[in-house]
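Here you go, one structure.
Chain lettering (A, B, C and D) follows the sequence in which the chains are written, and residue indices restart at 1 in each chain.
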Amino acid sequence: MTAALTIDGLNVRFRLRDATVHAVTDLSLTLHRGELLAVVGESGCGKSVLAHAVLDLLPANAATTGTVQFGAGSRPVRELRGRHIGLIPQSPATALTPVRTGRSLLAETLRVHGRATTDADTVAAEAGLDPADLDRYPFQLSGGMAQRLATALAIAPDPAVLLADEPTAGLDRPLVDHTLDLLRRRCAAGTAVMLITHDLTAAQRVADTVAVMYASRIVEHRPADEFFTAPHHPYAAALLDSLPDRAFQPIPGHPPMLTDLPAGCAFAPRCPHASPDCAAQPAISDGAACHHPLSVVGAP
Amino acid sequence: MPRKRRLRPLSWLRPGTRGAALAAVVLATAILACLLVPLLWPLDQSAVALDRINQPPTWTHPAGTDDLGRDVAHRTLYGLRVSLLIGAVAALVATLIGGAVGAVAGTVGGWTDRILMRIVDTVAALPHLLLGIFIVAMLRPSLGAVILSIGLTHWLSTARIVRAELLSLRTRPFIDAAISGGASRVRVLTRHLLPHVLPRMALATTLMVPHAVWHETALSFLGLGLPPHLASLGNMINDGQRSLLTGAWWASLTPGLAIVVVTLAIAAVAAHWRDRLDPRVRAELQL
Amino acid sequence: MNGLAAHEVTVAYGRQTVLDRASIHIGPGETVGLRGPSGCGKSTLVRVLALLHRPDDGHVSIDGNPVTGARYRVAAAVRTRIGVLFQSPRSAADPRLSLADIIAEPLRATKAERIQDRVVELAYTAGLTTDLLRRQPHAVSDGQLQRACLARALAHRPDYLLCDEATTMLDASTQAHVAAVITDHQHRHGTGVLLITHDPALMHRWAHRVIDWPPDQAAPATAVEHADHH
Amino acid sequence: MSARRTVGRRLLVAVPVLAATSMGMFALGAASPYDPAEQYAGAAAFTATDENLAQLRANWGVDDPLPVQYWRWITNLVQGDLGWSITRHEPVTSVIAARAGWTLLLVGAALALVLVASLLLGTVAAYRRGGWLDRGLRAAAYAVEAMPVFWLALAAITVFALVLGWFPAGGLTDIAADGVHAGDVAHHLILPITVLAVSQAPWFLLFVRDSVADSLRDDHVLAARGRGLPGRTVLFGHALRTALLPFLTLIGTHLPELVGGAVLVETVFSLPGLGAVTVQAALGSDFPLLAAITLVTTAVVLTANLLTDLAYTAADPRVRLDG
């Protein structure tokens, strides 16, 4: 397996008028070709910032440290957008330029990346959009159609890495499944996909590996089947237990504010296994950043 | 029609807390000076001193004297007094008209709203200085005529603001939630509608004061505002125009600066207030 | 007949008929799930049942007593028997008020007694700390705000609670918490709950019976079998 | 189809509003303490007999009921007979015809200057948000916005005419000139046009700057950047197209301000446009001239508004296709 995307020691801070938001802290991960990684977590854990940080699209009040590398090259991200890394944005309705037709947007993207503009129909069809709908303006498209158009625009340059930022938010279940299947097909063709979502069911359906984010950090990062059967981090376990098709048990307490993170493990105040050790930030080992991983507790 | 409308000048100002505090101090000082000046340093409006005409700024006359030997600094304070008074009253008149129209459009809705807002759009297209000139000319230049001419031409933005606020409130489920919680019509009005609308109206009134001041000074400058012997900022700049050719630039400078400083201070305070009204601005970033 | 019911309700906006002689019945203590495509009139049905929208035809009844009119025309004592939890807590909460004021608002509106104690109790039930109660909506997360809205909806111990996609925007954990609070309230007060959601797993877990909407195009109501229902 | 509807909707309101405005103006004129007959007689009124005055009043029909007078006035107006100017002793039509051109030239040139400058500078400032150009431009814009235009004009005269002597302090032609020469006029008009443009620029500049700056953070612009489109394509094809659409209507809604500014600038620079004559008419309570100028200007501004609305309708598919 070759690495398609390597993130090392990524930190993102936002300076606000009277506070600093720690959106991403010490995040390192590697995404391989043909791998579908699901980054899951509750809203406000920093996962949405991740996509924009990787693409170097953050606003000016964001301070970023760490490295993001695509493949083996070392070219800056701004030269690789589109061709090497594509983004399926969070809310397709606002992500489409409102005064231009789908065809005009798609043809432009194809042209910029050296493909024939006549491929537009093929690309649209691949994303599940009826080519006839390309001649509509974004405001004339339904939510599902806009989502497919946004997907078509992302896959048009045939990028090696695809970031999907909550691509299923607000969609009906059949549309969710359609979107997930499309991502899965891209993986099969060798694309590396990072799916950022709060929908654990969606992650379970398609992911090869899962990274759980809590309070700006990755707390667990393991193969999906292992993760969904036996999570190591108490937070990951609690999150899975809150699903309606599992225990349907809420996690007690509230997640910390990203403006006011505790020094040690951020989950300790809500964690049944917390001990004095947890005042120190745990390093990630065996796929989980925890002083008392569950597998060890259960079977030493 | 999806339109971004920003119809008031000075509404872009984004002062920080320190800037707004400075502006508030400037404004408070100016208002205090205007209130106290008749007590501490009364002015004889018609007095002239031909023995000291067109004197440049000195310690005794910090802003110089004009072509009739009158102290420019002293008259500027009096002019500011009159301008701010007219500005405040005219802004109030405009707010009453605009508030009424906006309230009707925003609460009745439907066709009434559509027609009222079309009328507002059209009236906004009337050249308001010309209308002001017309009104003043027909009523004879006077305080009342100036106030009326400003009030009748400046109510539109308030109408738009009140209407927009009411319309957006009407569709917000928190009103539904209040009704469902057992709130009476009066309670919804006093607890949920007015607390949102009134600060915006007050803000609109405040932001209108600079406009009213500009309008008043413009009319006075043209000789259509207050009687020429009265110390008003517009009259003074007009008087100063005569001295300009003799090189006495100071006679117009100080009244003009007074307008600039005071209107900027009002706008900065209002803008800070506007940002505080809007929790979304305070939150700034929702992750 | 006990229960909250809509009888042959018709609602049209302009030329578009959103509800066409629709009927539904929610019995005391039962959880009725309602599912259907977006824009099929589910939200309008909730507004009609919550007495917030007067239907053009047909009527709503509570425990067999027909209700005439809607909104302010309905006596406050009747309105407060039905609680509503909206999809977006952001728009359902007055941005000026603190979370404590939001919860206290229905109690103050009906001049209830011992408001402070009741707010503390409701906040505890909804899992809100005193620190959170002091904050305004913009300073809390969607999930925390929806908990406050839930506390507000339960303030009058409603006999019926209508949840219009109330957990769609929430995280799994908050969703589980909201569901647990509502179920607990239901067990103690025999509340009838209407649940609208797109999530099949949630629907399966939570609803006693599920209705497909609009009713004329779908299969008849199906009962969900439960091994255990907490 | 939709364009026709826009025109129709506009006219449906514009005509009644114009009618109401004219009625209000006429009523105000009738209620004013000035007697047109006495004014017409002017200085002679002191010596004119009551009989003469009565004759005059009968000729003018000033004793007819108000609605009759209004109807006569408005039908004459619509037919192009704007009446007789009391202060200038010539038909209103010829006063306007002789002067409207200069005002149009002043307003048109200033508007063109404002549009070009604010589009260029506003876009650059937004692109380099927070940079020295952005901060400097915004500070200058706030300051200029707070300055009354006539004060700005006096300041410009002091500096550029009196101190530096680059431009004349006023007038349209040199006193010694034997006619109207383009070069001479241009030399005289540079300062007034620039002052009017500068006084109006902050509004447009700040609008463009904020609109473009917001738009550069819009989802669709981020998405376009995310697709790897070159900066130029993103700016022109995605950011500016949506950011500047409202600018079109803004030009229309801002014209009244521009007209007001032109009146003041013409007065300060003693230009022979409609502005100066309006002030004269107002000082002399010349109802026919004042009313005609106000109504004609209003009609022109409303028409311009309609044109910008049509342009907007044509440019934005959301309006064009959805109505």
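Everything below uses one rule, namely that contacts are C-beta pairs under 8 Å (C-beta built on N, C-alpha and C of every residue); 3 or more make two chains touch, one makes a residue touch a chain.
These numbers were taken from a predicted model, which means no experiment stands behind them.
Participant: If I average the Cα coordinates per chain and compare with the overall Cα mean, which chain comes out closest?
Facilitator: Answer for the innermost chain: B.
Participant: Could you work out which chain's C-alpha centre is the most distant one from the centre of chain A?
Facilitator: D
Participant: Using the touch rule from the top, point out the two chains with the most contacting C-beta pairs.
Facilitator: Maximum number of inter-chain contact pairs occurs for B-D.
Participant: Can you check how far apart chain B and chain C are, centre to centre, with Cα atoms defining each centre and the answer in Å?
Facilitator: 47
Participant: What whole-number Å value describes the gap between the mean CA coordinates of chain A and chain C?
Facilitator: Using C-alpha averages as centres, the distance is 32 Å.
Participant: For chain A versus chain D, what separation do you get between their C-alpha means, in angstrom?
Facilitator: Centre separation, chain A to chain D: 54 Å.
Participant: Where the centres are mean C-alpha positions, what is the separation of chain C from chain D, in Å?
Facilitator: Comparing mean C-alpha positions, chain D is 56 Å from chain C.
Participant: Give me the residues of chain D that touch two or more other chains.
Facilitator: 316, 318
Participant: Could you list, by residue number, the parts of chain D that touch chain B in their complex?
Facilitator: 9-10, 12-14, 17, 21, 25, 28-29, 31-34, 138, 141-143, 145-151, 154-155, 157-158, 162, 169, 202-203, 206-207, 210-211, 246, 249, 252-253, 255-256, 259-260, 263-264, 267-268, 278-279, 281-283, 285, 287, 290-291, 293-294, 297-298, 301-302, 305, 312, 316, 318-319
Participant: Can you list the chain B residues touching chain D in their complex?
Facilitator: Residue list for chain B touching chain D: 1-7, 9-10, 12-13, 115, 118-119, 121-131, 133-140, 210, 214, 217-218, 221-224, 237, 240-241, 244-245, 247, 249, 252, 256, 259-260, 263-264, 267.
Participant: Can you list the chain A residues touching chain D in their complex?
Facilitator: Interface residues on chain A, with respect to chain D: 52, 55, 57, 59-60, 80-83, 86-87, 89-91, 94-101, 108-109, 112-113, 137, 139-140, 150, 153-154, 156-157.
Participant: Can you list the chain A residues touching chain C in their complex?
Facilitator: For this pair, the touching residues of chain A are 42-44, 143, 172-173, 198, 200-201, 238-239, 242-245, 248-252, 254-255.
Participant: Across the complex, what residues on chain B touch chain C?
Facilitator: Its residues touching chain C are 172-174, 176-185, 187, 191-192, 195-196, 279-280, 282-283.
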